[in-house]
Structures are given as structure tokens and as C-alpha cells.
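As C-alpha cells, the structure follows; a few thoughts come after it.
Naming follows writing order (A, B, C and D), and every chain is counted from residue 1.
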Amino acid sequence: MRPFKLASKEFKDQNTIIEIKSDFKPVFIGEGYCTVIAGPCAVESWEGYLETAKFLKNIGVHMLRGGLFKPRTSPYSFRGLGKEGLDIMVEAKKQTGLPLVTEIMDIRDLDILYDMIDVLQVGSRNMQNFALLDELGKVDKPVLLKRGLSATIEEWLLAAEYILNGGNGKVILCERGIRTFEHYTRNTLDMGAVALVKNLSHLPVIVDPSHATGKWELVTPVAKAAIAAGADGIMVEVHQDPEKALSDGKQSLDLNSFANLMEKVKKLSSLENKKII
Amino acid sequence: MRPFKLASKEFKDQNTIIEIKSDFKPVFIGEGYCTVIAGPCAVESWEGYLETAKFLKNIGVHMLRGGLFKPRTSPYSFRGLGKEGLDIMVEAKKQTGLPLVTEIMDIRDLDILYDMIDVLQVGSRNMQNFALLDELGKVDKPVLLKRGLSATIEEWLLAAEYILNGGNGKVILCERGIRTFEHYTRNTLDMGAVALVKNLSHLPVIVDPSHATGKWELVTPVAKAAIAAGADGIMVEVHQDPEKALSDGKQSLDLNSFANLMEKVKKLSSLENKKII
Amino acid sequence: MRPFKLASKEFKDQNTIIEIKSDFKPVFIGEGYCTVIAGPCAVESWEGYLETAKFLKNIGVHMLRGGLFKPRTSPYSFRGLGKEGLDIMVEAKKQTGLPLVTEIMDIRDLDILYDMIDVLQVGSRNMQNFALLDELGKVDKPVLLKRGLSATIEEWLLAAEYILNGGNGKVILCERGIRTFEHYTRNTLDMGAVALVKNLSHLPVIVDPSHATGKWELVTPVAKAAIAAGADGIMVEVHQDPEKALSDGKQSLDLNSFANLMEKVKKLSSLENKKII
Amino acid sequence: MRPFKLASKEFKDQNTIIEIKSDFKPVFIGEGYCTVIAGPCAVESWEGYLETAKFLKNIGVHMLRGGLFKPRTSPYSFRGLGKEGLDIMVEAKKQTGLPLVTEIMDIRDLDILYDMIDVLQVGSRNMQNFALLDELGKVDKPVLLKRGLSATIEEWLLAAEYILNGGNGKVILCERGIRTFEHYTRNTLDMGAVALVKNLSHLPVIVDPSHATGKWELVTPVAKAAIAAGADGIMVEVHQDPEKALSDGKQSLDLNSFANLMEKVKKLSSLENKKII
């Protein structure tokens, strides 16, 4: 017997489809949809973010991502614009109608994020920050739960279980690569985990091909692979000028490359009977 | 600078397409093709192998696999029929016209396998058996080189380099999952490696979704993912009665499930402009 | 150039020796000392904890450990007595004079722990909880920073750097095993890391042989190995009745086995010229 | 139930002590001894090897190591002197009386090595070269079986089982570090495995601190840790001029550093009641 309960297919046979409510058109994520989340690693400037947001809206992206509080390995790296960046994201939502996803690292930020952000992301490094998971279990807001760098599938589902057990059923799982001995890529995308979690759990599962590979030239093939393996969507880092990005430039697609990815993902979604528009 | 030379795109810009010659219709493997290799983990009996082989032929498989000398973790496990099994495989080739792939574990078996077998496989555990690689570099026979359980991409390409440097240019790379901390799946398929090796090297790259996952129910989604990521083919374990298989039963597809996989792979190959028939 | 600064030997040539102040006799940790921290995984009861504490005091242990807020993989496991347990620990300090170590998981607990606890532990799962590290950088209290389950040595030292950069120079590093493919032991103790960090950094380094191995019968040999490799101390799980422990019973030593370990560690410390009394 | 039989303590309660016979004074390896094997990674020259051998003999080393056929990741690296080097090793044995250890990579070399070499080493990359293990099971010659780079403890003992099951009971296990995500050290020495295998098996277990760490400055602390953890000996790379070594220079001790290591290991062995002279 697996130790997770509420996350399991035994508990809930029918796949969960989560509706992302915002002031605009709702977005759905789960079985039968291919939901695309895109945007820069970090929100860096008004101009850059709004330009990117409008471009993404026009080619059919469903949600905007952007980092406000960046978990950085070194305290000396750029750590995000914080609350200033939030105004930029909110303006982008206003202009595009797209719901917003951002990472919450500190429980104390919940108040300021709750009203403005449509999906709260728990990053890899916080997958087992149980104090944070407990709080997110108490709110009525979808949570995008990234798999920890070295979390087993079981631990990942048990982290989801914390949120579900707290009373919040809107958990979106996101596979973003695990840490292995291989260093030509930043992480190792665990595609078997995507297929397996779709079997074990009713929760939606998406893939982040940007962190998984760390190289922009691998993002498109790996994104396609994710859809073919049954993922319910992808979350991709896109930057209007990757070489000047303050973080994760090497794994960010520029606007044209991302438009190209969207074309391919649309064709594949159609073959797989997943709604993408 | 990467340490591999002959395997690199810098050395040879154009992707290598390998022709598998046999007494029958040739098979190609490389860019633009989706080549499917299938068969049981081990050759176990005349009846079972021939039945499976004919079925596979009829649904469009290109090559037959089958283990004669099985590398088993324990000396007490079934270690293959050895030379007896070779007669069975040869008969299957005669009846189906499909070329044969089998693993060579011992240099001293080269003589008996050379005449009958069309592609010699080097298994994961022997990826750095340099004495074996040196010998295979001297023969005119395609070699299917599986990535070692814990081999980096660089080590894998350098193992290929041993064969290429010996004079044999016909190397097919096969990603079959790497060893990680995750134990819900047998191994962790490294899909980023597939995409990356297609960028770094001109050699064909195929994927073994059976060993990569260790669970038959994950084989089809992962095989599809491999094609979507750009793999040049797949190698799949198929058994006419997986529950009775003497090895790897849990990861073997039965004939119907495999026919279903073929349907899906054909559609995907068509979308990807890869010839599969 | 390594990316950590304040933690490096280049920045501070002389090894840091941290004085643990409490209302009783001070304890030192760092070069030249072999400091022993012991106690149960979780504080479970008044009687059990006080009995254990007195025993540990009598055989020469320097600090008491005990979990109040337990990070548990599953939400359904025992998660600690919380604030109730704190009273028990404080009573144990009163009776034994030994300073206290406990894990802080939630920034919001800092207030209640600050006055009573002498060393705040950051657990493996929170090693990159940067919001927590930032706060601990602002307080004048020693921090015991466990290496993350899959943290590189560089990431571990950069996590320390967050605390040092915040202004708190009292960081004790604790190697507790990393996650690998090996499952006969709970984790894989990285003894090379202990020796290397002693070369790279001026900070004290201790070893937790209990979590590193997950098996009580391996705790003593691995604890000895740690001292021989140059560790400045050990932190060991001890329980008065391991079979009845609510968590980590399999890796806990009973009182007699721990007394035996202390004998061996004392002899070894003497050979290594480390003060243990 | 563990799947290994002949290697287990259940099968043979009393620890195996292996006598290394040669034309000179016998050497013992197993419980109660601390056996030291040392020498350069590869045999490179008459002068260098003989000088090193005499030095090692004088400070109490028990056996000489030296690579003749080197398994190298790249075909373009120095691959050893081969049969020419064997003459050098044999002369060193003649001059010092110390038995010889060298790696066998190719079954076909067994004939030329058998008469001259006292312990045949199976390297990490060949730990599951079952054809080789089968042959070594048939000969009356001690085998030093290194743990594979990514072999579990179970697989390692099952590899030993191949040799034992073939009829050769003289297997010495050697832990040399496993592959993990950590790259500041070459490999991660698994000290818990050393302690565990001493519990699970009656076979002698030694440690190779040179390959385990890849850095000469970590070799001494890790070698000491191995003895403290219960290892029956160590195998160390020593070179008369490490900066000029054709392989593994960075992890080789020079003669003075090794003499220093020997002093420390002798004191520790004395504390641990292990015979070292």
C-alpha cells in the first residue's frame, strides 16, 4: 500500500481538473487539456515583462509566470524585485487577461500574494517546507507543487498530501528534473515519473522543461516529449533577450523560439486529443 | 572542448544513417527513420519466440531482439539459453526476414555470433568493458551501445569513440535509463540526454523504454515521449505471456499492448516526419 | 574561485571555535574539541527525556538534542510535541546543565525558541529555505546547519554564507548523509565531504551518524570514522527504549550502546588530540 | 532474506582471513589485520616503480599495486604498459618480497597474469562483467573485487557470489567510492557500506581512499576513517612524483605524505587491535 491517500486514484478515481479563476476568462488544467504557462525566470522590468506577456498572450499561452522572490543558491545573486515586481505582474494580467503564477518562499508573503496571484508555486527547495505546505492547505488557491530536486515520487505525493489534508484540493504537480550524477544537463527530467504519477494520482501533472534541462536548445524536444508522455501541460521560461537575463538565461527561450515551440506543441496536443486553445 | 572526436558533430556534420544488412530487406536506422526493435528479454523456447517474431513482423517491427547470454545480478538467476537460443533466433530470421539483435557479453562469443547476428548489443554493464569495445571496433558489424547505468553522456560518447576509433563507424546509441535514488521505477529515463546527444553527435540514438521504467504500463507513454524528443527509434521488450517470462516479465508488453503501442508510435512518427514503414 | 566567501579559509585563516553559552558551563565546538550532542529524535515524554538526559550528562555528553517540531515525510506521522516539548527540554537543561539543540522549521517559532534553546538547528529539508536562513543571520545564536539531502558541498557552504552574510558568524556544519541509489542504508555518509570542508572552511564540522546510516548497529563504527576523518564532533540519536520510539527507532542507540560508543570515541579523541572532557 | 548466500554471515559465521601466498613471506588480509596495499596507479617505468616499491617495503607496506592494463574513459588516454609493465612488477617483487596486485580487464590475459601476480583485481567498471567473474571463480587465486561505481551493496555481494559460487573462496571486497551528484570529490566514499558489509559478510573489506576522493589531501583522513570504521585494510595510490604521473596524479600521495599516512594508520590500528606489522 502506498502511504499517500487523498492524492491517490484509489481515493478519487476521476482525474481532477482545476479551474484557475481570475477576473478574466478561466483556465483549466488537468486531463484533456494542454495548459501552457510561460514567462521569464524573474520579473526584471516593466517594459520587458509587459512586452513578453503580450507576445505570449498572442500566441496562445494560458498563464504567465514570473519570479518575485527568487531562491538563489548564493546570497550574492539577484534575488528578485520582490513586492515591486508584483505591480508589474498585476499590470500584465490587466493587459492580457492571463492569470498569474509566482513562487511563494516565505509564509509571511501569503497576505500580499493572495489577492493578486492566481496560482501559488512551491519551488523545489521548499517541497518539504512543511510549515509552508500546512499554510497552503488552509487557503482556497491553486498550488503548483514542484518536485524536490531529490524527492522521490512518494515524497512528492506526500508533500501534496499535506496540502490536500489541510483542506485545499487544488494541487498541480510539476516535474522539473531531479538531481543525478549527469552534469551536461542541469537536471535529469524524470519522464517515467510523469507517466507513473498520472497512473497513481488524480492530480494534474505538468512539466518544466527549462529547469529540467538547463539548456534552451533542449527545451522544445523535451516539452514535446512531456506532452507525448501524457503531461497535462508545460511551464516554460521565456525571455525577450535571454543573453541579458538576470537569472536562468541559458535555459530561456527567446520569443521566436518559443513561438516555434508553441506550434509544435499545438500539433502534438491535437494528436493527443488535448485542448490547447 | 568535449573530449570525444569521431562521435561529434564537429567531426561529421551529417547525421549517420546505418544500414542493417541481412539476407533480407535492409533496415535503416538514423535521422528520418523511426526504427522499432522488439522481442522478449531472453529467448526461452522455440514456440514462444517464433510466435512472437511472426506477430512482430506482421505489425511492422523492423528488427528482432532476444537475449542469449543474460547478464544477471545473481548467479542463481536464469542466464539464458546461450548457443541453443541462437538457433531459435536464426530460424525466426528465416521465417520473418527480420534482422537480429543480441547482446554480446564475452569477447570469445564473437565468432559464433558474427555470422548469424546482424547487430551486436553491448549492454549497460559492459559499456566500459574496454577489451570488448576494442574488439568490436575491429569488426564490420553494427553495434548497439547501451548507456551504462551510471555513465555520463560524456562517458557514453567516449565508449562509442573506442569503437569508432577502432575502425567501426556503425554505432547505434541506446538510452535505457540511469540509476538514481528513485525506486518506484527501475531506472530514470534521461530524456534530456536523448535530445542532447542528437545535438552533440551524428550517431543514431534510440531509447529502451522497458528497462528505463521497469513497468509495462509506462512503456507506451515513455516510448512516445522518446519519439517526440527526437529519438531515431525504440527497443521494446515484448513477450507472448509476460507473467511466465523467465526474466523482466514486469516490464514486458504482451502482444496486444505492443500492437497498441505500434499504432501510437506510427501516428507520432508521421507527425514527426519519420519513416516507420 | 569558489563562490563562497565568508565561509572560506581564504577569508578567515584560523578555525572558528564557537562557544555555546548557556546559564551553565560553556561548551566549545571547533578545532581541537570533540563535542558530543545526543538525545532522542523527538521529545516524547517528561520521564523518558529526563531519564535519558541525566544518563547522557553522566557519561560526558556536552549538549542535548531533541525534536519539538518534526519534519515528517507524511502528514499522518507523529509531528512532535511542539511547544509542550519545550518545557521538557528546559527542565532537562535545568537538571543537567547541558545546553539544548532543537530544529527550527518555521520562522514564526523563533521567538519562543530563542530564549530557551542554545543552538538552533536547520534541518536537511530546510537547508535552502532562504527565508529561514536570512532570519537566522540576524540573531546572535549558534546555528547547526545540516547538509541538504542532495546538496552539494558548494551549496551547503553557500547556505552557511547566507547566515554569515546576515551577520551571524556562529555556524556549525553537520554532515548527515546524502541521498544516493543505495538503499541498504538510509543515506550515504559523505566522509570525503567532512575532510574537504575542514580544508575549505574555518567553520566547525560535525557528523550525524544516525541519519547517515539509518541503522543503530552502524552508528558506532561510522561515528568513530567521523572523528578519525577530522570531524569536530558528533550528533547521535539515543533513546531509552528504541523499539518504542515514535520516530527513528531503528537508528537510535539504547543507553548502553551509547555508553559503549562514548568509550570508543573518547579513546579515539585522545589519539587525535581532541578534548572531549 | 538477502539474495546472496555464500558471501553471507549466515552461511559462514567466522570471518574469512585470506592468506596471500607468494614466494616470500605470506600476507594475511581479514579480521584482525590492517593490510596496506600501495603503489602507483599505473606502472610507468623501471626506475620509478622500483624506487617506489623499495620505499614502500621499508615503511611497512604489505603488497604492491600497479596498473598494467588501464581502463581509461577515453581511448586517447595512456592505457598502461601492458605486458612490458609486468616484468617491472615482477622485478619489484623479487627485490622487495612483496606480493603483487594488478587489475585484470580481459579474460584472455589470465594466462600471463596467473603465474606472476598474487592478487587479481576486478575494477569498478568490470564488477558486473560476469564472463570475467565466472573465469575468476575457477582459479585458485585471491581476487580483489572493487565495488562498481553505481553498484548497490547487494549487487556487490552478488558479484562476489559469482566468484564464490564458481569455487574460489578468496574474495577481498574493496569499497572505492560511489558515483553521486557531488563533484568536488571524484566519488563519494560510502563508509556506511564498509561497516554494513562487515556485518553482512564474512569476507574481508578494504577501502581505496584515493579513488574515493580523487584528491591527495583527503586520502589520509579518509584512510584513517576507514580503519576506524572497521575496514581490514587500505589500498592507496602512491607515486614518486605525482605531478608527472601519467594517470591519477591528483589523487596520488608522494612518498613523504604516504610515510606520514602510514604513521597515523599504524597508531590507529594499534588502538583498534589490528595487526599491521
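By definition in this document, a residue touches a chain if its C-beta (ideal position, glycine included) is under 8 Å from a C-beta of that chain, and two chains touch if they have at least 3 such contacts.
Quantities reported herein were computed from a predicted structural model and do not represent experimental measurements.
Colleague: Name the chain whose C-alpha centroid is farthest from the C-alpha centroid of subunit B.
Modeller: So the chain farthest away from subunit B turns out to be C.
Colleague: Going by the touch criterion at the top, tell me which pair is linked by more C-beta contacts: A-D or A-C.
Modeller: A-C
Colleague: Starting from the mean Cα coordinates of subunit A and subunit D, work out the distance between those two points in Å.
Modeller: Each chain reduced to its C-alpha mean, subunit A and subunit D end up 48 Å apart.
Colleague: Taking the mean of the C-alpha atoms as each chain's centre, how many Å separate subunit A from subunit C?
Modeller: About 35 Å separates the centre of subunit A from that of subunit C.
Colleague: Where in subunit B do residues touch two or more of the other chains?
Modeller: 150, 154, 179-181, 183
Colleague: Over in the complex, which subunit A residues touch subunit C? Could you list them?
Modeller: Residues in contact with subunit C: 3-5, 71-76, 105-108, 125-126, 128-131, 149-150, 154-155, 158, 161-162, 165, 179.
Colleague: Of all residues in subunit A, which touch subunit B in the complex?
Modeller: By the definition above, subunit A touches subunit B via 150, 152-154, 177-178, 180-185, 187-196, 198-199, 212-213, 215, 217-218, 221-222, 224-230, 267-268, 271.
Colleague: What part of subunit B is in contact with subunit C in the complex they form?
Modeller: My answer: residues 150, 179-181, 183.
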